[in-house]
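Letters A, B, C, D, E and F mark the chains in the order given here, with residues in each chain numbered from 1 onward.
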Amino acid sequence: MVGKVVCFGELLLRLGAPGRELLLQSPQLQVNVGGAEANVAVALASFGHDARFVSVVADNTLGTAALMQLRGHGVDTSAVQRGEGRMGLYFLSTGAVQRPSQVLYDREDSAFVRAGGGEHDWATLLAGADWLHVSGVTLALGKACHANAVAAIRQARAMGVKVSFDGNFRPQLWQRWEPQDAIPSVLHALMSQADLLLASHRDIEVALGRRYEHGDATARFEAAARDAFDAFPHLQRMAATTRGQRSVDHQVLAAVSLSRDCALVTAPAQELAGIVDRIGTGDAFAAGVLHGMVSGMDEAAILRFGLAAGCLKHSVPGDFLPLGVAEVEAAMGEGGFDVRR
Amino acid sequence: MVGKVVCFGELLLRLGAPGRELLLQSPQLQVNVGGAEANVAVALASFGHDARFVSVVADNTLGTAALMQLRGHGVDTSAVQRGEGRMGLYFLSTGAVQRPSQVLYDREDSAFVRAGGGEHDWATLLAGADWLHVSGVTLALGKACHANAVAAIRQARAMGVKVSFDGNFRPQLWQRWEPQDAIPSVLHALMSQADLLLASHRDIEVALGRRYEHGDATARFEAAARDAFDAFPHLQRMAATTRGQRSVDHQVLAAVSLSRDCALVTAPAQELAGIVDRIGTGDAFAAGVLHGMVSGMDEAAILRFGLAAGCLKHSVPGDFLPLGVAEVEAAMGEGGFDVRR
Amino acid sequence: MVGKVVCFGELLLRLGAPGRELLLQSPQLQVNVGGAEANVAVALASFGHDARFVSVVADNTLGTAALMQLRGHGVDTSAVQRGEGRMGLYFLSTGAVQRPSQVLYDREDSAFVRAGGGEHDWATLLAGADWLHVSGVTLALGKACHANAVAAIRQARAMGVKVSFDGNFRPQLWQRWEPQDAIPSVLHALMSQADLLLASHRDIEVALGRRYEHGDATARFEAAARDAFDAFPHLQRMAATTRGQRSVDHQVLAAVSLSRDCALVTAPAQELAGIVDRIGTGDAFAAGVLHGMVSGMDEAAILRFGLAAGCLKHSVPGDFLPLGVAEVEAAMGEGGFDVRR
Amino acid sequence: MVGKVVCFGELLLRLGAPGRELLLQSPQLQVNVGGAEANVAVALASFGHDARFVSVVADNTLGTAALMQLRGHGVDTSAVQRGEGRMGLYFLSTGAVQRPSQVLYDREDSAFVRAGGGEHDWATLLAGADWLHVSGVTLALGKACHANAVAAIRQARAMGVKVSFDGNFRPQLWQRWEPQDAIPSVLHALMSQADLLLASHRDIEVALGRRYEHGDATARFEAAARDAFDAFPHLQRMAATTRGQRSVDHQVLAAVSLSRDCALVTAPAQELAGIVDRIGTGDAFAAGVLHGMVSGMDEAAILRFGLAAGCLKHSVPGDFLPLGVAEVEAAMGEGGFDVRR
Amino acid sequence: MVGKVVCFGELLLRLGAPGRELLLQSPQLQVNVGGAEANVAVALASFGHDARFVSVVADNTLGTAALMQLRGHGVDTSAVQRGEGRMGLYFLSTGAVQRPSQVLYDREDSAFVRAGGGEHDWATLLAGADWLHVSGVTLALGKACHANAVAAIRQARAMGVKVSFDGNFRPQLWQRWEPQDAIPSVLHALMSQADLLLASHRDIEVALGRRYEHGDATARFEAAARDAFDAFPHLQRMAATTRGQRSVDHQVLAAVSLSRDCALVTAPAQELAGIVDRIGTGDAFAAGVLHGMVSGMDEAAILRFGLAAGCLKHSVPGDFLPLGVAEVEAAMGEGGFDVRR
Amino acid sequence: MVGKVVCFGELLLRLGAPGRELLLQSPQLQVNVGGAEANVAVALASFGHDARFVSVVADNTLGTAALMQLRGHGVDTSAVQRGEGRMGLYFLSTGAVQRPSQVLYDREDSAFVRAGGGEHDWATLLAGADWLHVSGVTLALGKACHANAVAAIRQARAMGVKVSFDGNFRPQLWQRWEPQDAIPSVLHALMSQADLLLASHRDIEVALGRRYEHGDATARFEAAARDAFDAFPHLQRMAATTRGQRSVDHQVLAAVSLSRDCALVTAPAQELAGIVDRIGTGDAFAAGVLHGMVSGMDEAAILRFGLAAGCLKHSVPGDFLPLGVAEVEAAMGEGGFDVRR
């Protein structure tokens, strides 16, 4: 079953040091296109869904090039506007062994932020859609972007389009929000509109002003999720990955989800050795969960597909997961790691 | 002791995505030369033997470039003919983590296939040779190639040249053989002529129409090999590697061999972490076993050298193992993984 | 506290095969600048210290380019002389799996060796310095280089500048020393002047003509160090790393140090999986220990910082560790392997 | 004014040697996507028109990647079918000085050819279109492709969609057509349906069986064009570039066109020094002329825009001209060769 | 004679498309460091002078990497401050044939601009200097930068340090200055303080509000320069290059200079075919003229050296001219274009 | 007609900066294999002749890799010995515009020089050969190499093998010869044995101690050649190219030859714009002339083929000319610079 998903957020260019070099250790940068919501859109389009991206990109060659990538991956970019200002950039040095990957954001004053995310006729853009997907990154970009996201979500609810919200809480991005103590209510308001929440116990801690410190990651997730169901009336499902880190390129990823009035579902931990690119793995998980829901999978299958998509992303350079459903399913099987020929 | 080995098969160009990228994720392809029998020839030449390659390559720049590589590695290419038609290609995306490497064959209607492997004066080409090496890949390329291989093998037997046959059973390559139910007899007839069989229990299953499902890989190998000695009168030794896969780039490789009227020999499993290139590892194993036999090693040493060659191949980019005997022996030692300087 | 350290040794160019390729497997070489003492200087400069490098480099474009790198990293190169002759080179093929990295030295008759390390006014160069750092590599380069190092160390002692000596014993480099049986006394004389000895039990075995064969690496280190304190009157501390090798790119590194009249200090073993570049890790350890001592850390902290610097080097391509104190300290913390953003 | 143009033809992958290297001189290939009609579609899309590409591409990763490029450039690929068989390839070594660029076609038995160009509902695909663009390359690919092109053109004429035909006569591609003496009538029939003919006197020579040997390139073009207007009732305009070659990377390009019952129009010769990529320049010219016609330019302006597009293509790597109208117009101006900043 | 020159301006990172590709045509960017005044500093340091750079760079990895380059080239960077904000960037696509190179500035809100160029103790920084070099780019960056440059120049005049001012008038950079009609007086005031003016007639047109439209480039330069000597009391010399453009990569460069109360001096036009990198050629010319003046050359020699430096820059990738006096002089000789070996 | 030619000389590795960069401007080097006599051998093998190379290369990975290249190009390397010592290297920065290419030799104390060129059984090696080719470079490498070349030439004359000598006079290489005033007699003695002399008037000036200063390059060549025929009894033909330099990458090449008792033959000047690689062009010319002579061409054809080979080399990266006779002949035709497809 093909779903139609509208994703709203900023498109970024990633400028990465080659291989495992430090930034500018050699005079070269590899360019990728990314951004939390765009990553979700590309994965959904690769899974065969009708993914529309709503955004504003710089009205220059960089903006054009970024859009070409997105369009090439089959995302409908007809609603992306061109605006004054620069493309948001981020510089990346991929880590190794005990040296973590390092992101240097250079996204201030981007065309997206200047335009407050653009002026969109949400009623038209959401017509016929099954889902609207937004992430906390967009809220953090400023008042205008926040207001825009709120308008989109309101319109979605009004039209019966379901709302997916990925918390994506990154303190650094929220640093400029004023007043700082309003951040919880901002998140609370957004989560109140969500049908699907991709969020860890930390996102809920911020939104509800509580602490989940007891038990392991799974227990903290469950406690937070139960509170979330109490607090957010529309919420149907909350899901998250839990990550264990042996080293920079050897980690372990599991997933957990809770649906309203159901028992907790877990997907077993996957060993991820020789990680190629960890960026965008949360977005791949989100897209996987959305795919599972749109496709009518059962609880466990949704989570397992989401986790498999998130795991698979670790093997693909760049922010995107441009692989199909068959490839995700193959990664869910036992073994099968030998050359396919 | 230097042996003289004649290898007959197709030469291919590998066009590979850089690093761990998906195919055409960036607009670049790395080119390597390969092909099961050519790989054996290069490894044997690197081990110091007199390796002659018999084939047909396209009469164009690609064919010339492929031959230059082979000749550069010290293989005698004087018996390689140039023919009408294209070079066989295969595209490769090297996998990572949970994403397996993917081969996309584009070798139909190659100059080799068009020419049925070429018209060769086998009596002349085999004069003075110790071994003729052929693999199941060549049979699968069509009736004319098969007939050519049969002719070569018959001539070898007639001249007292020993025959090495690597099953290399890949269902995809045999898909066009007609009738499909003749495949077992084709393999059976070939194996009947072999002195050395590089084959797993699966190859024997196809050739003998039996199933080996009991026990671990070693047990299944032994059962299959015992049957093979019954079925194939000339057979002196059968050897194979057994592979365990923890992830795409972390595997475990062991080896097992059986000689007529002997006890099973095993070579202990080797951890292979951080695999660089898994293609051609079976061919490196075959070349290692042939080297051991030509050099008059004992049972266990032959297998250990073969396994070490196969393991070492995992660390070298490309299809070839262009390393000498000393380097294989060094890899057989304990530890010694630190920088050599 | 910023220290001033003078490092004396040869500067080399490293010409390395790309990725995990064999040397000249593809027609490209990656160029890095290195050399044991230069590596220490760069790390110290990156830690914020005042690092002066004393050397002779070829009076050609290669020498200029090598100096540019060093100066770029903030090392004071004003005392480096230009001389007749060639730049010392070394070719590197980085290994993988079971294939060790291979260094091919091409440094004979370099400008440094021709000039015997140069004619330096050591009194001026050492004025105000806290430490002089020299390694065994420089001694092994010939009588003139050895005499030069001796002169520098004598001057240092005379001026109250402390002496750091890294044994760096590599048999291959000492092969041309004559007579061979004088090597122990050469090393003994040097070590007699050292305040800090970066050396394993093997270095002490050579210098003292004893064998340390009992117990594990730690026990052998302690026995050797205790003998060193007896033999070398100025010695205050001896430190070393101990390395365990699971495969070429998966190793384990610990460290141990002993100060005169103190108990042995150990820093716990670190797993180093997915090693990027192992060259220069001992120099990074040396620089880390010197940093710890200059900064007035306690015994355990010095060793832990040194080990962390050595471990971190495994994640950075090239000979240098161009990372700051904060980055080393971050690597000393628990976990924290996820993307920093 | 935005036009809607439907282009029908094969999509190819170009695998090119880097820089000015010979093919496989180093083990790398640069990948570009191209094909005469796809090139026209991309240029038209870049000029702001609604360009639809109709084709069949291989149902594998290569086909997907090729389509992604086309879609990225804004071409409507919804009518491209996926088929059995391989992607057509061509290998390119870009020449220099006195060594001409060399194309090695490897496009036999492609998915496009196997499917005879695909089964298309031309009435639907052409609905609302202003132009259908086809080239002689497609005819030459075999009877089925030819029949498909004829069907498309008939449908276009029936619906009042104008027909653009680019002769693109390349003897090598027509070598397999049987009988060879039917080629003129094939071309004659096609040209009889064209409103716009992009063709030199050589194309007309083949189609009409005459020779134009008198005078310079312009005179020969005019004579051929006058005969073409007599022979082909629907023809409204014929246009061509004329090329002078000083060396492989220094050429001179002019253009000439004739409209029915008009005087000859010429666009003055442009010096093209330091040519980057000559492939696709004729397609860029075709797209430029179509743009001029769709935009309602006058005779001279159409030709000058077409020539400017063709000239500009020489400066862009790859088969495509992904530049906008403003950039073509800038290249038409005087001077203005300095850095734009 | 070694001079001491202080250069004040912004340091930028250039992110360039590889070869002659369009920006992001392939997913790679080449990184160079540049900026008008930094370029002058590097060339002067390469000519053997004592060049100090005064600036503010971002307090992040990009700033550190840019400084490493500058320091590597021997420029004294001890007066460069680290500031809040981003590094100024510019993206470059190098043109070819008829496609001009294209610069896309992304330098707004840089650390330099935020800090108004920094807080410098100009009296200390200029102590012992022969020259202060500033360019119009710095003025255009805003009121604070302008005030900073004025303060530096005033201090220089007060201390007897000569002032070099490069007009570098680029309308795009001045677009945000308010009020626009104050620009002439800003330039006028600056030029009034200059001993050396690197400026074309266009710079003087802006500063003096006149037009120089008669005669060729030389005549217009002379007329403007004569007016400049009338208007600016301290001015001793004005110099400029004049450029003729045959194509993007084939240009002709000459130079002209006038000293107070002297006859015009011209340096003959140089053919520049196969231009590698045109960026920074004006800065190389400025550095060449400064070198000539500091070295006490005569009028004609100064201009010829300046022109030779400017011409030579066209052959070197990147913004810098890291070549010595001998290499510039060699380029001034007749012929001598064959391989030096 | 296939000839058999024995070439004796040193094999070198070229380490070149990428594109038009300065040496080590970016941290990468491109590797090629070359050497005057090896270049001749590769060109002759590519022209279809039986080319044997006699040399000594380092007994390490670099030597092996260099030999692989040579063997790949079809040169018989069975007579190349492996020796103690290093591979001779040269570093290259390819120039542009007015910056000449720069070679930095690093070939002292190579394995070839250490071994005096090796110990060869010249009678066996020359058996059946038509030509022995030696160049002045080998003489200049020292007394032992010189003696070896003399021995080879004597044996050749004794066996009726014709001798080709390429003067290749480079003052820098002869700097260490002692006594310097013996150089003319060394060259004189060698030239006395030559049947074919590839030499300019400058080589003859050195050998005969005369000056040829009147007239243009052709006249000076003729005067020198006439004297050479008087002085050297075996000489049958002397040939040279004459080069005009418009810029580093735009030159003009003509050729001239004289046979005993014949009129001068000239081959018309060829424009070489956009030169890719000028190294090895003289060797390509030499190989072309040898091909013409072996093939029995007439005077004019020999020279034209030689010149065409020399010109064509300018378009191929690296030292070698790995192109066939058909490609050289195509370059001799008129025009034909357009894409071959």
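FYI, a residue touches a chain if its C-beta (ideal position, glycine included) is under 8 Å from a C-beta of that chain, and two chains touch if they have at least 3 such contacts.
In UniProt terms the chains read A, B, C, D, E, F = 2-dehydro-3-deoxygluconokinase.
What you see is a predicted model; the values in this text were computed from it and never measured.
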item	value
Chains contacting each of chain C and chain D, listed by label	A, B, E, F
Centre-to-centre distance between chain F and chain E (centres being mean Cα positions), rounded to whole Å	45
Chain centre separation in whole Å, for chain F relative to chain A (CA means)	63
Sites on chain C at which at least two other chains make contact	19, 22, 27, 102, 273-274
Chain contact topology (line, ring, star, complete or other)	complete
In the complex, chain B residues that touch chain A	19-22, 25, 90, 95-103, 105, 170, 172, 243, 245-251, 273-274, 278-279
Chain D contact footprint on chain A (complex, rising order)	68-69, 71-74
Chain F residues touching chain D - in the complex, by the definition given at the top	19, 270-276, 308, 311-312, 314-318, 322-323, 327, 330-331, 335-341
Chain F-touching residues of chain A, taken from the complex the two chains share	26-27
Residues on chain C engaged by chain F in the complex (per definition of touch)	15, 22-24, 27-32, 60-62, 65, 86-87, 91, 93, 102, 104, 106, 108-109
